[in-house]
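What follows is a pair of complexes built around chain A, which joins chain B in one and chain C in the other.
And now, the complex of A and B:
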């Protein structure tokens, strides 16, 4: 667990009251976000998101399988988040399990929201065969605000995902997945929400908390926002409480920030997919 | 509330790094040889194998990434990122991890925790006297777990463990500011590691890579227990907070550009950021890091 001294905490809390955080940001400012998609060749889609020290890798893998009994005409989604033990000593052994579960839950809620994803498009043979979308996120380094980094990464990775073309013979119930790398379809990610996480520290609250700030927080609220600015999920973490007025303020800020984040992310992803240069990357850690 | 959000493509950042990087920059002539682990240094025989190298089939290879140093026949590699080794007389900033019998355990980014003996601090009141059991029981009134302190390396034990001391008025508990950690290899040895900038910010440049930044109010009273307990909490205005944060971001920018950190380079970066009209949080945008640290990086 990252710990800071009492005097550092006092300084940090005092700064939030004055709207000047330790790294000079205002309470509702995000850090610079670095995104890269298509970083893993073994996956159908992948992205890496860096927020200062936070480093998150998201991979999307598609598999064919049977649908769930209660939704025979819909594809399935499986989310899993894992914190790399090298990111922080607290993730070693079983230490990261509760955090892994919490992160998985929030991302799952955001993605599985029916308004975000038209899963009926992932049905191959209705009632028999569907695509199973495995979303695996790995936290490589932790510098605070894992929730938002993973949700941004998930959206970016889904944007990058290529769904192979499938030839289906309905009568014979046979199918072949195309090997041709040129024949694929993209996933429509425009309605997929992202999360905006607020941390209540002292009497104020901040967005995109650093690891120092997270060590001082009493409550964390994760708000899922989509492109239109609608609230999709709400999750509270931590041990403290929030009064209703603050809650409303948080939701209002989340709406504004979330819409700008999505706009920024979409623009960046658009530039990247049109940029031939970035397709020539040879590896994950090496930039040419 | 306006919030700025900026996305960067990794490829763009990579380009900036390459243009401004330490290795491939037309402005900077580097005569040093930079190696990666496993990279061949020399095939010639007759060289001595120094730190950070290993021999294989008569050739010498690097075992760490860093700069090749030659002293006559001895070849060693000085790592770019390494644990802080410590040297007698170094000013370090550390965090208390444990309170033990007559000792505090202190984390200083080294291979092992450093120790601060009860006998190596100035007791409250400043009187030179024997340490009693009462003092031992009251150790937590002086430093508790997680406290940050500035201190000096008194001795390096044979196993590499550091023994620290705070036997001077300038050392002791740190309050009213913030800490930033950078690779200790970037810390430059300078005349004075307690530096007061003219714009009202003080820094303690710990050679272990911990840098404490606070506003300038230094009363010259001796470090005293009473002062710590009943310490008058100076009000920190948002203007001085912004200055502190700007210094913090300048240091962070220097660290990401892998430039040496000293009062001079911090000052240059600070001035550059003001000249370019950058707001405090804008300094850390990938393209600005390259710009603001330009002068500091060209310094040799």
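And now, the complex of A and C:
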């Protein structure tokens, strides 16, 4: 567990009351976000998100398979989040299990439950064969606020995903997946929500907490927000309690912050997908 | 179309060729009838039945019934942490379990904990921990086992309420009881309804033009503090300001 000293904690809590945080931000400011798409060539879509020290890699793989019995005409989504043991020793072995599970379920709920994703477009032979979308997120480095980084990464990676064209012969129940890299369709991500996570520290609350701030929070609230400003999924974490007025304030500011984030993300994704040529990195981790 | 049986090791399984029939609620056209059947007002709870002290062996126990939803909870402890690690306050461990036969609208549950059960266990710990004075019990652990015998909606909020009663019954010192309730937003007309049944929960989560979703809130009435909040589905922000 990451721990800070009692005096550092007090300094941090005092600062939040004055609306100044250790890194100079105000309580409701995000750190600068770096999003890159198409970083993994072996996947159908990928993205990497950096929030100061937090570093998340999301890869999307598509496979064909049987649909679920409950939804025979819909594609399937499979989400998994893994915190690399290299990011923090506490992720090793079973230590990361509950965090992985929590992150996975929040992302899964944000994407699956909210009618944000038209899965009926992912049916190949109705009732027999559908696309299965595997969303795998990997936490390479943990500097706080994993929830938001992963949700931003997921949205960016889905935007980057190329679904190969499939030729189907319905009568013979045969299909061929095109291996031509030029024939593909994109996924409509406009309705997919992102999450905004608040941490209650002392009597105030902050958005996009750093790892130091997360170590002294009492309550964490993850709020999913979509483009229209609707609240999609809400999840409380941490072991404290919170009064209803603060809760309402958090939801209201989540809407504002979330809509602004989505707007910024969409703009970045748009420019990224338009100039594919200009991206030349020296190595995977180092920019030009 | 029917789901194939997945083999569970160490249990006697049905023959490999057997298939599970689909419940009628999966079939198209069955949703409308489910939603129309609500025979209570939108701000009305189902009939409650609560009783504490029903498990003789446990330090504390409770049973909760909300119409068809039936939940039983046993508290064991505070007892010494089995490992020798030191902690200044007690650790609360929750184990949320659906009985394999608990739900009629989906396939039979496995014996081992699935993702949802693991998540609910974690949500229960978060909901209950802040109501307990855990500093009073250093070096100890409190075990809380919840089994949902039958689920007709509201399994999580029922489990939290039931576990809080059982903790009180066990004589564990606490600031306040946690009462949990769930509400649903009807996607068809945008109405907010209290205490949705399972059929309603499934329908609301699918969503529609006006949103649709389910919210579970754990609340300490005496302290006026929210201990747990959990939402699935999409709800316009304006609805949060009522």
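As a convention for this text, the second predicted complex is superposed on the first by the 276 of 288 C-alpha atoms of A that agree within 3 Å, B and C clash if a C-alpha of one lies under 4 Å from a C-alpha of the other, contacts with A are read in each partner's own complex, and residues count from 1 in each chain.
Simple rule for what comes next: a residue touches a chain if its C-beta (ideal position, glycine included) is under 8 Å from a C-beta of that chain, and two chains touch if they have at least 3 such contacts.
As the structure is a computational prediction, the values presented were derived from the model and not from experiment.
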* To do: Consider chain A as the common anchor and indicate whether chain B and chain C clash or fit when overlaid.
  => fit
* Asked: Is A:201 touching the first partner chain B, the second partner chain C, both, or neither of them?
  -> neither
* Partner chain in contact with A:102 - chain B first, chain C second, else both or neither -> second
* Please state, to the nearest 10 degrees, the angle that the Cα centres of chain B and chain C subtend at the Cα centre of chain A after superposition. => 110
* Asked: Which partner, once the models are overlaid, touches more of chain A's residues, chain C or chain B?
  -> B
* To do: Would you sort A:127 into first (chain B), second (chain C), both or neither based on which partner it touches?
  => second
* Asked: Looking at the overlay, does A:158 come into contact with chain B only (first), chain C only (second), both, or neither?
  -> neither
* To do: Based on the superposed arrangement, let me know which partner A:241 touches: chain B (first), chain C (second), both, or neither?
  => second
* To do: Enter the shortest inter-chain Cα distance between chain B and chain C once the structures share a common frame, rounded to whole Å.
  => 14
* chain A touches which residues of chain C in the complex? -> 1-3, 22, 26, 106-107, 115, 118-119, 122-123, 125-126, 129-131, 205-208, 211-213, 215, 220, 223-237, 240-241
* **Residues of chain A that touch chain C when the two form their complex** => 68-70, 72, 98, 101-102, 104-105, 109, 113-116, 127, 193, 221, 226, 228-244, 247-248, 251-252, 255
* To do: Would you pull the chain B residues touching chain A in the complex into a rising list?
  => 1, 3-11, 13-15, 17-18, 95, 144-148, 173-179, 233, 236-238, 241-242, 245-246, 248-249, 252, 279-281, 283-286
* Inside the complex, what are the residues of chain A that reach chain B? -> 3-8, 10-12, 14-15, 18-36, 48, 50, 52, 207, 253, 256-257, 260-261, 264-265, 267-268, 271-272, 275, 277-278, 281, 287-288
